[in-house]
Amino acid sequence: MASLRKASTRFNHLLWQQSPKCSNLSLVNGVKHMSSLETLGFIGLGNMGNHMARNLVKKGHKLVVFDVSKNAMKTIENMEGCENCVQTVNSPADVAAQCKHIITMLPATQHVQEVYTSRGTGIFSAIQENSLLVDSSTIDPAASQEMAAIASEKDSSYVDAPVSGGVNAARDAALTFMVGGAPKSFEMAQKYLSVMGRNVVHCGPVGTGQAAKICNNMLLGISMIGTSEAMNLGKKLGLEPKLLAKILNTSSGRCWSSEVYNPCPGVLDGVPSSNNYYGGFGTALMTKDLGLANNAATVTKSPIPMGSLAHQIYRIMTSSGYAGKDFSSAYKFLQDQEDKS
Amino acid sequence: MASLRKASTRFNHLLWQQSPKCSNLSLVNGVKHMSSLETLGFIGLGNMGNHMARNLVKKGHKLVVFDVSKNAMKTIENMEGCENCVQTVNSPADVAAQCKHIITMLPATQHVQEVYTSRGTGIFSAIQENSLLVDSSTIDPAASQEMAAIASEKDSSYVDAPVSGGVNAARDAALTFMVGGAPKSFEMAQKYLSVMGRNVVHCGPVGTGQAAKICNNMLLGISMIGTSEAMNLGKKLGLEPKLLAKILNTSSGRCWSSEVYNPCPGVLDGVPSSNNYYGGFGTALMTKDLGLANNAATVTKSPIPMGSLAHQIYRIMTSSGYAGKDFSSAYKFLQDQEDKS
Amino acid sequence: MASLRKASTRFNHLLWQQSPKCSNLSLVNGVKHMSSLETLGFIGLGNMGNHMARNLVKKGHKLVVFDVSKNAMKTIENMEGCENCVQTVNSPADVAAQCKHIITMLPATQHVQEVYTSRGTGIFSAIQENSLLVDSSTIDPAASQEMAAIASEKDSSYVDAPVSGGVNAARDAALTFMVGGAPKSFEMAQKYLSVMGRNVVHCGPVGTGQAAKICNNMLLGISMIGTSEAMNLGKKLGLEPKLLAKILNTSSGRCWSSEVYNPCPGVLDGVPSSNNYYGGFGTALMTKDLGLANNAATVTKSPIPMGSLAHQIYRIMTSSGYAGKDFSSAYKFLQDQEDKS
Amino acid sequence: MASLRKASTRFNHLLWQQSPKCSNLSLVNGVKHMSSLETLGFIGLGNMGNHMARNLVKKGHKLVVFDVSKNAMKTIENMEGCENCVQTVNSPADVAAQCKHIITMLPATQHVQEVYTSRGTGIFSAIQENSLLVDSSTIDPAASQEMAAIASEKDSSYVDAPVSGGVNAARDAALTFMVGGAPKSFEMAQKYLSVMGRNVVHCGPVGTGQAAKICNNMLLGISMIGTSEAMNLGKKLGLEPKLLAKILNTSSGRCWSSEVYNPCPGVLDGVPSSNNYYGGFGTALMTKDLGLANNAATVTKSPIPMGSLAHQIYRIMTSSGYAGKDFSSAYKFLQDQEDKS
């Protein structure tokens, strides 16, 4: 049981409740601004980005922000307890013109390439010397290396710093950052990343952050479907789901998906599976990450039979109405029709 | 790191080192026999069974044993610090004639059917009234239910009690038992099972122990190949294996296979992957368990795409020279040829 | 092109049009009964069985029939141009009491076991000496061997004779029969089977007919999903479906599924894909056959990675609303949502 | 049987024997050169390319050739019955400087990009106005479109024209060409392609030739493994391989792999499986083509579960000693160890 209790605790602060380390959350209505902290550029205020930006503000940073959605910018500009600590501008170039340290959090490779390299409006068109660019998007490692090459031509540095952990980890500053870049750049970036996350790991040169993210999410994507199959099969064989989960979690079948994010409704409280698979990490996003894993595997000639099958299953789910549901809806996808309805 | 340190500790006593709870191991040369303990029948003294039987003896039980291998019987008969505490006989029937409480640990369904039902030599041909039969083999749940039906015709009871944990868990009395049977039978069996294992879980009626075992091992078999793919891909992408393992184990990719039984040589000490995949849980055995999972899934019409693919991969490994290696050799199977040699 | 023209011709008589060999079809309103022909027993008048029985009648056989559905019996009893040539009875035993030569066409293993072995009502409870039992159901080869063993105890013979070809091949007497049994039994059975089909192949001893059927349908199930993937991918890459089919059919991608049963709507006329996947061979039936293939593969320790995945995909389709559609609806299952609706 | 006889005939001229249409082969020792025929550039004289080039020469074309291997160039320069009809040069640029019509046959995307775009030595650095570039390599459709774009900047045209059919089809001028390009360019190219192949199909705009090739080879790769599984399973179930092949080829399991290229040794003469999988189409090449299919599927968000699994199986074979064997060695890969040796 020990490991089960521990699991659900970890689960609690990892995903929903307030973590001890996050007590500053209770200060939302009275953030103190230590004027000593740098003003940072932040581009990309989506489901993840807006939480990450808020945590920087709560910690006392001022931000110059850009997002294609004016609403997204307005929302954070007006966040409670923050006066004049967020300035909105009209392009990535405008951010680069005002800030030497910029964090980007974007959906996919092509968005990163556009935000960084667009003529006139991209970061590189207005970048200052000795800037530090921190890209937390999950993209093709090769694209990260391209951006790093251009940055160094501009006498600046770039690190790839993709995250592990979903929307709630972003909100609770409980993310894990996997960082690829030169040691000095990593040190600089770490100062900001540690404000938004709990673990900041230096993985090696530029691109290895993406590599680590891709490998983690491939294994996660595999384990989640595997857990869904095991829970569904066990239920059909007459096992009570909570009991089966307990057995798996104290045995060799134990994994993050069975322990803290179980896909079977009713086994754990507060996870997407107990909320009709609303919230969490969308199936379309998992499909995208597994697409990156497949490309990387093809380029490096690495066999990934399970990773490829997982990719295809999420792909079919995405084209069958599960795109917007949490990826743990693999459980629902595998269920009998009557169970589904 | 916290969870990593914890992981390797758990790993240590789960797999190799001496566990605090197993300090009686140090008494091998001076086991005390409390004459109060029942004499038990034990059939099947293979890699797992001989360790389980020894733990019963160490705790003070006398045993009447049978195995098709005379050597296996002789070895335990002559175990150090045990005088006249093990009696060998010539058939399962002979065991049943002398003992009312019998534990069986056999390779597969057909062996269980033979040991229990053979005319003249099987358990049922000499069973006494009110006997308790505890089968720890991993077999088809339907076969367990057949045995239970015959047992009750003989005014006796039967429980299926398959185990989780390998040879070392058997040696260290650290097994998990998943038990299917009537509550009263479970209580009786629990007394003996707790001597041989750390967790004894009541899963429901006869057959649910097998169901739990099948579901756990299916998920284990999936996670192990998934972990092998992630470790191999990461290495090819330039990540240092120990670092990648650390990242997975503090992120959502974490699973038993990555944490305590990592398939990549050099990441953990004392696991099969660091011993050329010698010892541990053979690929042929995992293939057999996944065959049971596939049959159960077909009968219950449960989709198990990842479980089926895992079954097929271990099947190919089994017919390609990996049958006797630990199932974590999936990592080696997926590697490039030069890396293999 | 040559092979394409040939393909569609073959397609025509294989599935829909009248084949030269089937000109007796035109006699539906005036069947001549050559009194010389034996009266046969026929059990199982479903989608396939009723067509097979009709062809026997058209050829001049009288039948004693049984089906669990009284309507099914009435329908054939009242078929046009047939007076007093079909007698309905109340059980398989009644059939066996009147006929020495009996053909059975049933859904699955358990139905065959019931029809043959039920006490009092089963075939074996009233079988006459020197009877010939011809089972055209697709079942577990091991079950066929059991039936054969009981038959020989009754001084009778049994052959397994599963079919290839769908409802239309049954209607047009264009089936292929794969027969397992002793040479003498095969010769006797062949006389009747050739009335219902175009190819009657002796595969070897009892059980090999099922083996051949299982292997054929496994490959068919694989090719159909593969063809669906190729057609869907090609369409997304800008290829016109009819052109792509033509290319595949004149190249090494050619298979029965691409040539005569293309799953992409509009490529061929008169196939299920051009009829909203109505008619043809149901996904649930293909799933059942692939379940038999998986069991046989597990028992013989044969790796079937593609066969297992195909099984799982049809399994998921079956539990997602495709159970009653033709198995070529795999194409629809893989399509984008908008394309689906 | 009909279709079987037909199959083996087709097989004969498609793969090994002399086809009636190829009687010009008998003229090897006395090729007539109609001086009217254009001099063509030819780049890439590998297993496929050297046969294609020879057929152009046999038909009366003079060639200006380049290959990275001097031996490859010398061999064709010295081909029997050809005096001064082949000129060798030092770079693709030299070819382009002398010829307006150039055919390229290269291993992979990067080689095509190098041969066409290298500064100073590439085709584009010396291309003449109104040139026609015909690339028969199998590459990423996107790369074909890039080449076409550059060609049109140089007032020239480009078509992608990948082939179906192996080394023997190349030798016997029995290839199928799948061509993507503008109608006018197609017409020009067709004149030369029809000399080297039997079918020349216009698939649509630039890139669709590659798309057709990718779809065909994906289905071929799937069917070959499926056929291997069916043949291996059938053999284990007691079926005689030649009989099983006959049954499949007259039933719905029929495919090119079962009919004309059966992977089971001894079923057909003259195919790689009857020659220890020597010759034919290497597993590494099939793996490469399936990698292209996977990339195209990811880009177009098309699910290809079977295609992905086939990719992974050939990938594992490639890293397990099968890289240089014909891809039908999938049969051997799936066999039991004893059967293998």
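Letters A, B, C and D mark the chains as written, and numbering starts fresh at 1 in each.
Keep this in mind: a residue touches a chain if its C-beta (ideal position, glycine included) is under 8 Å from a C-beta of that chain, and two chains touch if they have at least 3 such contacts.
Which chain is which protein? Per UniProt: A, B, C, D = 3-hydroxyisobutyrate dehydrogenase.
Fair warning: this is a prediction, and the values are worked out from it, not measured in the lab.
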Centroid comparison with subunit B (C-alpha atoms), farthest chain: D
Chain pair with more C-beta contacts, C-D versus A-C: C-D
Whole-Å gap between the CA centroids of subunit C and subunit D: 38
Length of the line joining the C-alpha centres of subunit A and subunit C, rounded to whole Å: 52
Contacts with 2+ other chains: residues of subunit A: 301-305, 309, 313, 316, 319, 334, 336
In the complex, subunit A residues that touch subunit C: 309, 316, 319-321, 333-337
Sites on subunit B touched by subunit C in the complex: 291, 294-295, 298, 301-305, 308-309, 311-313, 315-316, 318-319
Interfacial residue positions of subunit A with respect to subunit B in the complex: 3, 10, 141, 164-165, 176, 178, 199, 201, 203-205, 207-208, 211-212, 214-220, 222-223, 225-227, 229-234, 236-240, 243-244, 246-248, 250-258, 261, 293, 296-297, 300-307, 309-310, 313, 334, 336
